[in-house]
Amino acid sequence: MTKYSDLEYLRLSKGDKFLYRLKCFFSGIPLFFKNLILAIASAFKKLGLAVAHEAADLVNTFKNGSVPTRVSYAVMGFGSFCRGQWLRGLLFLLMEIIFIGYMILAGGYWLGMLPSLGLQGPEQVATTVTSLRGGTNTVYTTVYHDNSFRILLYGVLTLFFIVAFIYTWRVNIRQNKINDQIIRSGKKIKSAGDDMRSLVDNSFHKTLLALPLTGILIFTVMPIIFMILVAFTNYDGTHNGFSNNLFHWMGLNNFNEMLNWSSGATSYAATFGEVLVWTLIWAFFATFTNYFLGMLVAMAINKKGIHFKKGWRTILVLTIAIPQFISLLYVSKMFARSGIVNNFLMDMGWIDQAHLIKFWEDPTLARITVIIINIWIGIPYLMLITTGILMNIPADLYESAKIDGASAWQQYTKITLPYMLFVMGPYLLTSFTGNMNNFNVIYLLTGGAPTNNASSAPGTVGYTDLLITWLFKITQGAESKYYLASVVGILVFVVVAVISLVVYNLLPSIKNEEDFQ
Amino acid sequence: MASVKLTGVKKIYDNKVVAVHDFDLEIADKEFVVFVGPSGCGKSTTLRMIAGLEEISEGTLEIDGEVVNDLQPKDRNIAMVFQNYALYPHMTVYDNIAFSLRLQHRPEDEVYEKVTNAAEILGITEYLMRKPRALSGGQRQRVAIGRAMVRNAKVFLMDEPLSNLDAKLRNQMRAEIILLRQKLNTTFIYVTHDQTEAMTLGDRIVIMQDGFIEQVGTPTEVFEMPSNLFVAEFIGAPKMNIIKTRLECKNGAYYVTPFGVRIPVTGEKAEALKEKGIGTQDILLGVRPEHITLADPDCESAIPCTLEVNEMMGSELHLHVYTADESRLIVRVPTIDLSAATRRELVYGKALQITFDSKVMHFFDPETKKNLLL
Amino acid sequence: MSEKDFAVPQKRHMGLKASKIISNTSIHILLAVISVIWLIPFVCILLQSFRVESTYQVGYVIPKQWGFDNYANLLKTDFPRWYLNTLIVALCAAVFQTFIVLCMSYALSRFRFKMRKPLMRFMLILGMFPGMLTMIILYRVLADLGMTQANAVPGLILVYIASSGMGYYVSKGFFDTIPKSLDEAARVDGATRLQVLFKIILPLSKPIVIYTILTAFMGPWGDYVFAQYVSFGTSAGKNVAVGMYGWLTNDQINKFYTSFCAGGVMVALPVTVLFMFLQKYYVEGVTGGAVKG
Amino acid sequence: MKKLVALVLSLMMVLSVCSFASAEGVNIDVTIWVAEEIKDLTAAQIEEFNATNPYGITFNATIEAVSEADAATNMITDVEAGADIFCFAQDQFARLVQAGAVAKLSDESAAWVKENNAAGVVAAATSGEALFAYPLTADNGYFMYYDKSVIPEEDIDSMEAIIADCEAAGKFFSFEMESSAWYLASFFFATGCVSEWVTDDDGQFIEVYDTFNSPQGLIAVKGMQKLVQSSSHNSSSKGAEFASNSAVVVTGTWDYVTVQDILGDNMGVADLPSFEVDGVSYHLGSFNGCKLMGVKPQVDSVKAEALELLAEYLTGYDCQMQRFDARAWGPSNLAAQASEAVQANPGLAALLAQSPYSLPQGQIHGSWWDIAKVIGDDVKDATDEAGLQLALDNYQEKIAALFTLSDDVKFGWTIIGTCNSTDGFFYTDYNGETRSNWGEDLPMEKVSVDTWKSAQAWDIEAGAEFKVRQGLSWDNAFPGDNFKVEEAGYYYIVFNETTGEVSLEAAE
C-alpha cells in the first residue's frame, strides 16, 4: 500500500483518512506477528547463548579456581566456610543436605513414577474372616497402591526442587568465583554481617520479594503447570488416579476430542465456538457499558451545581461493600419466574401471569439481563476510578475549547473522551480480559442457565455460560472430565493472551507516552 | 571537611548510553566547585554518583582518600540539597531537619540544639512546627538546606537548588548560600545550568557538555581564557560574538579582517600568537558584546552595520546589529556612555559603526574549535 | 460563516441560566432514581430479614409480621461458627496480604534490578490463566497439609495470602506517584532502604494501605467457590458464603430463605460500616493507583 | 518408596487387628454424613447402638450435616477425606461405585439387605451382581399437592381439567418440566416408555434399553405439550410455590410440612392425574426412588465389618421407624412399611396411591438427567408433530453418543463388512449372534505400538469385503475401497495404524 507523508495525509478527506488508518492497521498486523515470531526466536537464541556461556563459565571457574572453589563443586558452601562467610556456607550446605535427603527418601519415587503416572491401581480383596456376628463372613476391603494425582503433583514439585537446587549450586559456584577475584585483587571479602546488613539495604528488594515470590511459585505457577499437564492425561471421574483407576498420559488426544469438527454441529468444537463468541460479546459489553455509564454518572455527580455530591457517591460506594454472593444470589432470585420483579409487574397490571417475563428462561433475554445486572454491579467502581481521572483533566483545556465555541457535547467527545480513553486504555484492556473470566457474576446469577440443548458437550453448557464457568461445570458434571476442563483452560489462556498482545501493541498510551502528559 | 577525588569515573546505563565519560577531577578540602553545563550534559549524574544514588560504572571515587564506590549513601557522610527540595510532606519542618540526626540516635536535646541553631541561621525559626506544604518556595529551600546543614557532613552536595525559585528569590538565596558556605566552611559541590550562579559561587567551575569536561578553572580563567568555543559561548551573557574571518601575519605584524575591515592585533595577544608560532590562517574570532564599542565613522577600524533591535536593560543597552554580509552581532553599551540624544536615535534601521581592539579578542581554530592561545 | 461564529455564543448567552437550572434538576432526578435502583435489593433483603410469618420465598416484600426471629434462628444454626471462621480468615488475609502486596509493589516500584521487567511480564502472563482449575490441585495440596474440611480455615488463609503478590498493580501505581527524590534524600540523610520504607513511604501511603486492607478483607469475606471446595463435608470449616449458599438449595430454601436474608444483613454490616468510615481512603486508593498500575 | 512402606504398614495393621479383634471390644472412630434434619437423631441412634450392640463395638462418631445431594460429589472429590458412612440419593449410586467410593457389601450384609427390603430398592443398591449400599428410605417419589379452594374434588383425576381450573383462576400448575428429567419422565412412563440401564460390577454402564423415541413416546410428548404450552404452567417443584400463586405443585413428601403450613385446610393430596391424547387417557407415571446409605471402602476388614453392622442398624426397622416418627421419612424396610402408622400418613398414602403407576428408579447414567431434561424445553418450543419428533430424535442421538464417547472406542479400530458366503454373513460374533451385512463392528485388539489384530479368527469366504475403521465412524476407514478376500480361509485380520495397511493372517 502507498505510504503518505504527514503533509499528504493531512490533505486527505475524512473518509480517506479513516480508510488509510484502517489499511495501515491491517497491513501492520502481519508485520506485528512477524516481529513477534522473530522476538521469540531471538529469545531462544539468547537462551541458548546464555546456557553456553554459563557452561563455559563453570569450566573456567573450575580451571583457574582456588582449592576451596573446586571443592565447592562437590560440597556446596565449602568455599564460603573457608572464607569465613559462615552464613552463606551454612545455607548452601543445608540446601545440599536437604536436597540429597529428599531425593533419596521420596523424590526418587515420585520422579520415577512420573512417566507412567503409576503402575498399579487399587484392588479389592475378599477376606474371609471370623465374623463379629459369629461364623465366617467374606468381607471386601480395598488395598490402595499408586496415586496418579499425587505422582503428578509431587513429580512436578520434585522437578521444581531440582531446578531450585541446580540454581543454588550455580550461585554457590559464582560466589566462589567472585571471592577468588576479590582475593586476587586484595580487597576484603563481605562477612556474614555484611550480607545481613545488605539484606535490609541495597539488596532489600530480595528480602521484600522472597516471600511473595515463593508463594506465587508454589500456589500459582505450580498449579498452572499441573493444570496444563492434566490436559495431556485422561484424568476424570472414572480415572481419578486413586480410588478407582489410575490415569495416564494421552498425548494430544484431548485436544483432538475438544477441537475436531468431525461430528459437525454436535462436536465439542462447535460448543466451544458458541461459548467463546458469547464470552467475547459479554466481555465487550460488560466492559464498555460499565465504562461509559460509570463515566457518565461520575460526570453527573461532579457537575458544577449538583448538591450533596458526597451523598450520591456514598450510596453507590456502599453497594461495593455488600459481598457479591449475597447481592447476586438475591438479585437472581428477584428476577426469577415467580420472583419479586415479575410479581411487582403483575401488581402494576403491566403483565398478566400468562406473560411473565422469563428473565432466566429465554436465552437472549437471560444474556441481556446478566449484562444489565452487571452494569448495576460495575458502575460504582468505574464511577470512583473515572472521578479521579476526570479531576486530572486540566480545566484550561475546557476553557480554551469553550472559547473556540465547542458545545458541551463537543467538549465531551473532543476532550473528555479522548483523554479518558488514552489514560484508561490499559485499564480497559485488563478489565476486558478480567470480564472474560468473570466467574462470580455468571455463576451466582444464572449458573449458566438456560441450558443449551443443542450441545452434546459435557458440563451441560448454558447460553449465559462463559468459558470459565463452563470449564468449572465440566469438572463438576456427571463424568467430571478434568482433562477436558484443562484443555478449555489452556484455550482460554491462548485467547486472552492473543487479545491482550494485539490490543496492548495498538494502545496509544503504550505507543506514544507523551500525549496529554 | 574532606577532599573528593574522581578518577576515570564513567556512567553507562543499561541501554548502553554513556552519560559521563572518563571524569577526572580532584576537589580540595573546603573548596566550592560548581558543575555547570546545558541540561543533559551529565553534571547531575556525576553529582548523584558522588552521592551514591547512581552506581559508578567505572573508575573510582575517593572521599578523604577512601574509596567509596561500594558504600551506601548513608555511609558516605555527605549532605545533599535536591532541586525540588524533597521535603518529607508528612513531617513538620523540625522533624524534617531532625530526621538525619534521629536516624543516628543522637540525644534529643542535642537534636534540639542543632535544629534550632540551623533554623536560626536560616531564619526559619517561626516555621519549625509547620508542614512543608504550608511554606513558600524560598522557605522550603531554606528547610532543605537546613536539613543538610545539621549533618555537618564531609561533603555538601547541591543539585540545582535555586532553579525552582523566581529570579528575585534566586539572587537572594545565592547570596545566602555564599554566607552559608563561609559559616559551614566545608567542601561544596554545586550543580547548576546557570552560568551566572557558577561564576558568582564557585572557587572553580567545571564546564561540561555531553558527558565530557570542557574546562576546569576559576571563574576568571574560564571567562578570560575559554579553552574552546563551547566554553566561550556558554560563559558570559549575552553570549560572545563569533566572527568567521582570517588572521593575517605580514612580516611579524598580525591583523584580522572581520567584514573586510582591517584590525591590527597588538600587545600581549600578538606576543602570545608569536610564541605559538601561528601564521596566516582562517580563524573564528570571538569578541564579547561588552568589549565592542560604538566608533566614529572616520575611525579606520570601524565596522559599518545596521541596528535591528535595541534592548534597554537599564544600566546598559543591548544592541542587535547586522553587518553588510547579514551576520548578526550583539553590542553591549553602558547607558551612561551615551547622551540622551544619541540614545533616542538608536532605533530600527539606524546605521552604526562598531569596533573593538585586539586585547579583547579570542582566537579559535575553525576545525578543532580550540582556543589558539592555549 | 462569520454569522454562525457569532450566532453560537449569542444563543448560549440567552438561555444560559434557564438551561443550567433545567439540566441540573434533571440530573438530580436521575441521580435519585439511580440511587433508588441501587438500593432496592438491599432494602428488600433487609425487609425480608424481619419477616416472621413464613420462612420461604414469597412474592411480596413488606413483611406482614415484623420481628427478629430470623436473627434468633441464626444462633440456632452453625451461622455463628461460619461467621467466626470468615472473620478469622478475612482478618488474617487482610493483614498478611496487605503486608505481602506492599512488599511486592514497593520493591517493584523503587528498585531497578535485572529481573524486574521480566518478572512483571511473567506475572502478567500468569494472570491470563483461568485460576478455576488450580482449585483442584490446591485442594490436594491443602489436603496433604491437613488443612481441609474441619481445618479449612488455616488452609484458606494460606491460599488467599500465598498468591496475593500477583495483585501488586494498584499499590505499585500509587507508590510510583511518590517522588523518588524523597527516598534519595532519606538515604543521603542516613536511612537504610528498610527505614525509608517505614519512615517515609508508608506514612505517605495511608490511602493505598487502607485500600489494600479493605480489598484484602473483602475478598475472603465474600468468597464462595474455593471455600466450598476445601470445606466440604463439614460444617465446622465453612465460611458464611458456603454455609448460606447451602440454605438456598431446593431442600433447604423453604426453611432458611429468610434466615439467608438475615445472615446476609449480618455479613454486609461490618463491611458497610468499614466503608462508611474509610470511604475517603478507598476512593483515593482506587483513583491513585488503579489506573497507573 | 514411601508408598510401599505405607502399604506394608497398613497390611500389618489389618492382620494384627484381625487377630485379636474378636477377643475383646473394639473402639472405632467413624465419621458420618447425614442430612441436617436427622443429625441429632442419628447421634442418639449411635449412642443407642454403642449401648446395646452384642459385638462389643464402641463407635466414637463425628456426625456432620451433609445434604444427600452433596454427599456423593464430596465423596468423589476426595475419597480419603470422605465419611465412613454417608447417605445419598440413589441417582448418585453408579457414580459412587465407579469412583470406588462405596464398599461392596459382605455376603452376610448383602443377604440381610435383600431379606429386609423390597426388590425395587434392592435393585437401586445393586450394580452388576453385587450390592453396594443400604436402603434408607423408599419415599423418593412425587405426587400432587393441590389447593382445594381452586381445584374441585372431581377434577383432580384429569390433567386437562386441572389446567382449565388454573387458567380460569389465574393460578399456576407447578410441575417441573423444563429443568428436571426426574419429573418429566412422568409422561413417558404414563405411555409405557422405559429407559433401563445396565451397569457392571465397577458401576460402568454397559448398555441401555430406552424406548422414549417411539410412537408411545410421541404420545407422551403430545400430552406434555398440553401442559407446558398452557399459560398456567410453571416449571417448579417447590412446595413454597403455593405462597406465590400456585394452585397445584407436583413434589414429594419432603414438602408436606411447608405446603400444609401455607394451605392449611385447603391442602389436598392425591396421586397424579391422567392426560388424554386421541381419546385415550394415560395416568401420569412417576419415579419411585430411594435414599441409600453407603460405607466407604476400608483397608481394615474388622472396621469394614463393624461399619456394616452399624449401617445395618441405622437402616434397620427401629431406626427407620424413629426417622418416620420424627421426620416422616418413608421407610424402605418391609416391616416398617407394613406398620399402621406408616400406612396412615397422608403423604405416604398419596405415594402409595401413585405407586401402581410408578417405576423403581434403578441405575441411571449420570448424563441421562442432563440429556432428558431438555425435552421439556424442546416440546414447549415445538409447533407441530415434526418438532416433537425432532426433540425425541435429539434425545436418542445423545443417549447413543454416551456409549461411543469412551476413549477405547473412540481411538480403537474395528472391522465392518460382509461377504457372499452361503448364509450371507462371514462370522458369528462373540455372543454367538449373527450380524447383518455391514451392521455391527467387530472388535480388534492392539497387539503392538501401531498394529491391531481382530479379537478372533474367522472362516472367511473368498470375495468377502470389509473395512477397518476408527471410532465407529467413516472418517478414518481403511483401505480406501473395501478389502476383498481372494481365497477363503481361517484368518485373523491385521491392521497397521501408521501405514493404514490391512492384511490377513492365517490362523490354524
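In this document, chain identifiers A, B, C and D correspond to the written order of the chains, with residue numbering beginning at 1 in each.
One rule holds for everything that comes next: a residue touches a chain if its C-beta (ideal position, glycine included) is under 8 Å from a C-beta of that chain, and two chains touch if they have at least 3 such contacts.
Predicted model, so just to flag it, every value in this text is computed and none were measured.
Comparing chain pairs B-C and A-D by the number of C-beta pairs in contact, the larger count belongs to A-D. With centres computed as the average of Cα coordinates, no chain lies farther from subunit A than B. When each chain is reduced to the mean of its CA atoms, the one lying nearest the mean of all protein CA atoms is A. Inter-chain centre distance (subunit B to subunit C, centres taken as mean C-alpha positions): 56 Å. Centres computed as Cα averages put subunit B at a distance of 93 Å from subunit D. Inter-chain spacing, taken between the CA centroids of subunit A and subunit D, is 38 Å.
Taken residue by residue, subunit A touches two or more other chains at 201-202, 338, 343, whereas all remaining positions touch fewer. Along subunit B, residues 72 each make contact with two or more other chains. In subunit C, 57, 59, 140, 192 are the positions where the chain touches two or more neighbouring chains simultaneously. Within the complex, the subunit A residues that touch subunit D are 105-106, 108-109, 122, 124, 127, 129-133, 137-147, 234, 237-238, 240, 242-244, 250, 253, 257, 262-263, 266, 337-338, 343, 352-355, 361, 449-451, 453-454, 456, 458, 460, 476-480. Residue ranges of subunit C in contact with subunit D, taken from their complex: 54, 56-59, 139-140, 143, 148-149, 229, 232-235, 246, 249-254, 257. Across the complex, subunit C is touched by residues 149-150, 153, 200-202, 204-205, 208-209, 211-213, 215-216, 218-224, 226-227, 230, 297, 300-301, 303, 305-307, 312-327, 329-331, 333-334, 338-340, 343, 376, 380-381, 384-385, 387-389, 391, 405, 407, 423-424, 426-427, 433, 437, 439-440, 443-444, 467-468, 471-472, 475, 482, 485-486, 489, 492-493, 496-497, 500 of subunit A.
Listing the residues of subunit C that touch subunit B in their complex gives 179, 181-182, 184-192, 195, 199-200, 203-204. Chain contact summary for the complex, subunit D toward subunit C: residues 33, 35-36, 64-67, 69-71, 73-74, 77-78, 80-83, 237-240, 243-245, 254-255, 258, 261-262.
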